[in-house]
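You will see two complexes here that share chain A, one where it goes with chain B and one where it goes with chain C.
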Partner chain A sequence: MIPRAEDAHWLAAAVALFLGLVLIAELIVGREVFRRRAWRAYLFPAAVVVASVGLWVIVVFSTFSTMHLLAHAVWAQAALVAGAVELALVRGKLTSPRWSLVPGVALFVSGFAFLVHEPNPWLYSRSAFLHHAIGWMLVIVALFPLGEALRPRQLVWRTGFALTFVLLAVFLFADRDAAPIFGRFGLGGP
Partner chain B sequence: MRRALAVLAVFAAALVAPGSAFAHVTLVSSEPVTQSRVDTPPSEIRLRFNGPVTITSNAVRVLAPDGTVLSGTPRTEDRGYVVVAPVSGLVDGQGYTVRWRVIGSDGHSPAGVFTFGVGIAAPPPTEAVGSSGTTWRDDVARWAFFGALALLIGPLVVRLLIIRNRPVPGPLEHRFHLLGVIASFLVIDVGIAAFILRASNALQLPIADLPYGDLQPFAEKTRFGIAFLVMTFGIGIVASLLLVAWVFDRLDLRWPALVLSLALLSGLSLSGHQATEPNSTWLSETADWLHLVAASIWVGGVATLAFLVWPLAPGLRRTTFLGFARLAAVLVAAMVLAGAYLALVRLPELSDLWETQYGRFLLLKAAIVGIALTWGAAHHFLVRPRLEAGDEPDVGPSLVGEAVVAFAVLLTAAILTNLAPPPIDSASSTIARTSR
Partner chain C sequence: MSSEIATSIPREERRQGVARRPWRTLAVQLIGPLTIVAGLMWAVAQPYRIVFLDRDGRGLYDYLFQPPLLVVAVGLVFTFVVAPGLVEDLEGEEHRDSPS
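This part shows the complex of A and B:
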């Protein structure tokens, strides 16, 4: 009944890559040009909300351990709230720039959940390495939305936010729980 | 620059040449199958994992109903993917418990429990040897779950049915949205906590090891587990609908959220006493669902009146109060009729009311329901005529009191849900015989 975790992670990676490419496209052409067609403004937040529904499916398949059930439930809720707040910002339902902090909180909580549900040190296995790498990355990049709220004109925050999703996709595509950390170049591994 | 390039090279290397690998180590199959019935006693227990594992001498323990250990020293086979434990002394007509714990190649230490029966149906995993019964923590979790459901459903009913065509002040509409979303998240999170608590009573793992406890036998092989999975996913959809309804100001999106929430309540009816006891029927399941629906709308509705409409929308007080008073009459009738029928089904003898713990708690619940109904009746017969006459009585504090009593009713309902009803003597249960 349970799909392989690799398959689920690769699917999540594809979604993260899509999100990252949407954000990068907006960065390259500029927000004004990108949002000339109204639906494009809704693309990123709507995709996050839809992805959160997909995460609920993963939650249901995560009963093989208590920790994974909890971690996936945290990610699903964080994604849903962050996506809905982004949707509300795009629609003008929310206007305060402080709401931009919500994705930051979602990233921090998600990163924290990654770190908590990995009991092994960095170099134990590739899975452990990637869990630590993703966890710390999400915790650190939670500062980007904070930076954007404080200094909205500096592109570095949005660039960092967009690249976070691309890097997340790379990490998730690379996920093999029992593989050596660096593939055939091989350090570590069980 | 060189350091940055080196870091990038390391990340690129991580993508190269993945070895064959699977997920976190989990139990993928067993012989006997988890929660299965076998015709002849097995001579060994085989557990297959999705990755290689290492074991200790206590990795697999097979327990007789009296707690006697029937398994020998386990060994691994098939490159560590399979753990085999010899067993002896199993007899026909008994259920057995298998407790296992291994160390996966990913360093995690998954553990689990399941049962099987020889010549009989397997006992539920919650009744595995060594399991503790439900505790006050389960009661509190169940209470919070019922409360969250009421706070999800009640405000939706008030908004969609009672003040549907009325202009609603912005702050009140905002609270309706906020409460709906918070309540749906509460249902999910409290549901997860309640499910883990229930499973942990059977797993009996130290708190440090519980994070890697295998919940699959409970999630996939029990009614409450399947109900938990369906409800978690379903309420996730409800939360999404409510958030999108808020963003786009779409009242109509709250209808599917309400309908789905009410339908999901059936998960509780299909996994509780009214579905699992020997004399359960489709009628007892339906009555339980109606009881739950009516109670959720009533408790949530009173709370909505007390904490949302009364303080935030004075202009809507009369309309909401009168509309809810009409609806409450139907709800109370449904609750009392369905509840009385269920009490007759669950308690085969009148004396069970005072001689069993279940019966005594049922009496307590009936007493608190009586207080709540008296309070509601006072509102119905004393306040409603004044409101209809154009007065503006300040019944806010009184509504808060009724809401508090209503939540106390939910507490007794939660305790009753976790208590075992008296055993059914098939000859004495008239209701059961006639409704089967």
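This part shows the complex of A and C:
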């Protein structure tokens, strides 16, 4: 039995929330202390790679719409590349801060895919509203890795990147397959 | 000098067990509990999201994915898996940096 879309989104929200908390903790303690234990250093890149595998699974099983399939394939590929680059950065195989451009491009492409594969306007339903909101959010927050690549010493970029995952979790937890945008307050939906 | 006017300077004794806790350590320790509290508040605000309270016609995935409980679970994992090691390493770092 395949879970409903909202179930998968809530699970993704929990993972995003956990990653957001881990990134916030890294900000608080500093990168040197955070990476003192290898499992912590590899946690975020490994989670991104595992998430990409999960997205590929969705690509395989979720074939009811071509745009839906293509969008998930784009997210899966973007997450895989970004995760691989993050792994190489932690491992020390890559050292230039310019490599932060890759996660930035991955976020931008993911946001673009969100916007393209939603056929309905903003106020059609909660699902449509959240697809637009998440899409534009990802397009905008792509600036954080871009800033990290160009001015790596400023804390604001990493702070924004960490909070991005918390905000993404909030949006995904709010998702319902069929519901008005603001619940009992109405607006849109079936 | 009269001893009634010039009193002794109170010694700054360090109370045992009340060592100052740096804000970083406290912040890391608060992340998990605050997340748990957020999940519990959500459960109270939207009890219909908790399947255990309304079991009619519910499937396996309804029990596995209950958003407020997922938030609580994330907070628990952070509190018991991530935070202790971070606090230990942070205190070790501060202990090493402090003048002996």
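Convention: the second predicted complex is superposed on the first by the 188 of 190 C-alpha atoms of A that agree within 3 Å, B and C clash if a C-alpha of one lies under 4 Å from a C-alpha of the other, contacts with A are read in each partner's own complex, and residues count from 1 in each chain.
Quick note on the criterion: contacts are C-beta pairs under 8 Å (C-beta built on N, C-alpha and C of every residue); 3 or more make two chains touch, one makes a residue touch a chain.
The shown structure was predicted, so the numbers you read here are calculated from the model rather than taken from an experiment.
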item	value
Chain B versus chain C as contact partner of A:63, first or second or both or neither	first
Which of chain B and chain C A:5 touches, first, second, both or neither	first
Partner contacting more residues of chain A (chain B vs chain C)	B
First, second, both or neither for A:17, with chain B first and chain C second	second
Touching partner for A:101 - first (chain B), second (chain C), both, neither	neither
Which superposed partner A:49 touches (first chain B, second chain C, both, neither)	first
Contacts of A:25 with chain B and chain C, given as first, second, both or neither	second
Which superposed partner A:40 touches (first chain B, second chain C, both, neither)	second
First (chain B), second (chain C), both or neither touched by A:79	neither
Partner chain in contact with A:170 - chain B first, chain C second, else both or neither	first
Chain C-contacting residues of chain A that also contact chain B	1, 4, 173
Complex contacts: residues of chain C adjacent to chain A	24, 27-28, 31-32, 35, 59-61, 64-65, 67, 70-71, 73-74, 77-78, 82-83, 85-86, 89-90, 93
Residues of chain B defined as touching chain A within the complex	10-11, 13-19, 21-24, 26-27, 51-52, 105-108, 110, 185, 188-189, 192, 196, 199, 210-216, 218-220, 225, 229, 232-233, 236-237, 239-240, 243-244, 246-249
Touch list for chain A against partner chain C, complex	1, 3-4, 7, 10-11, 13-14, 17-18, 21-22, 24-25, 28-29, 32-34, 36-37, 40, 173
Complex contacts: residues of chain A adjacent to chain B	1-2, 4-6, 49, 52-53, 56-57, 59-60, 63-70, 73, 76-77, 80-81, 84, 87-88, 91, 93, 117, 119-120, 124-130, 170, 173-174, 176-185, 189-190
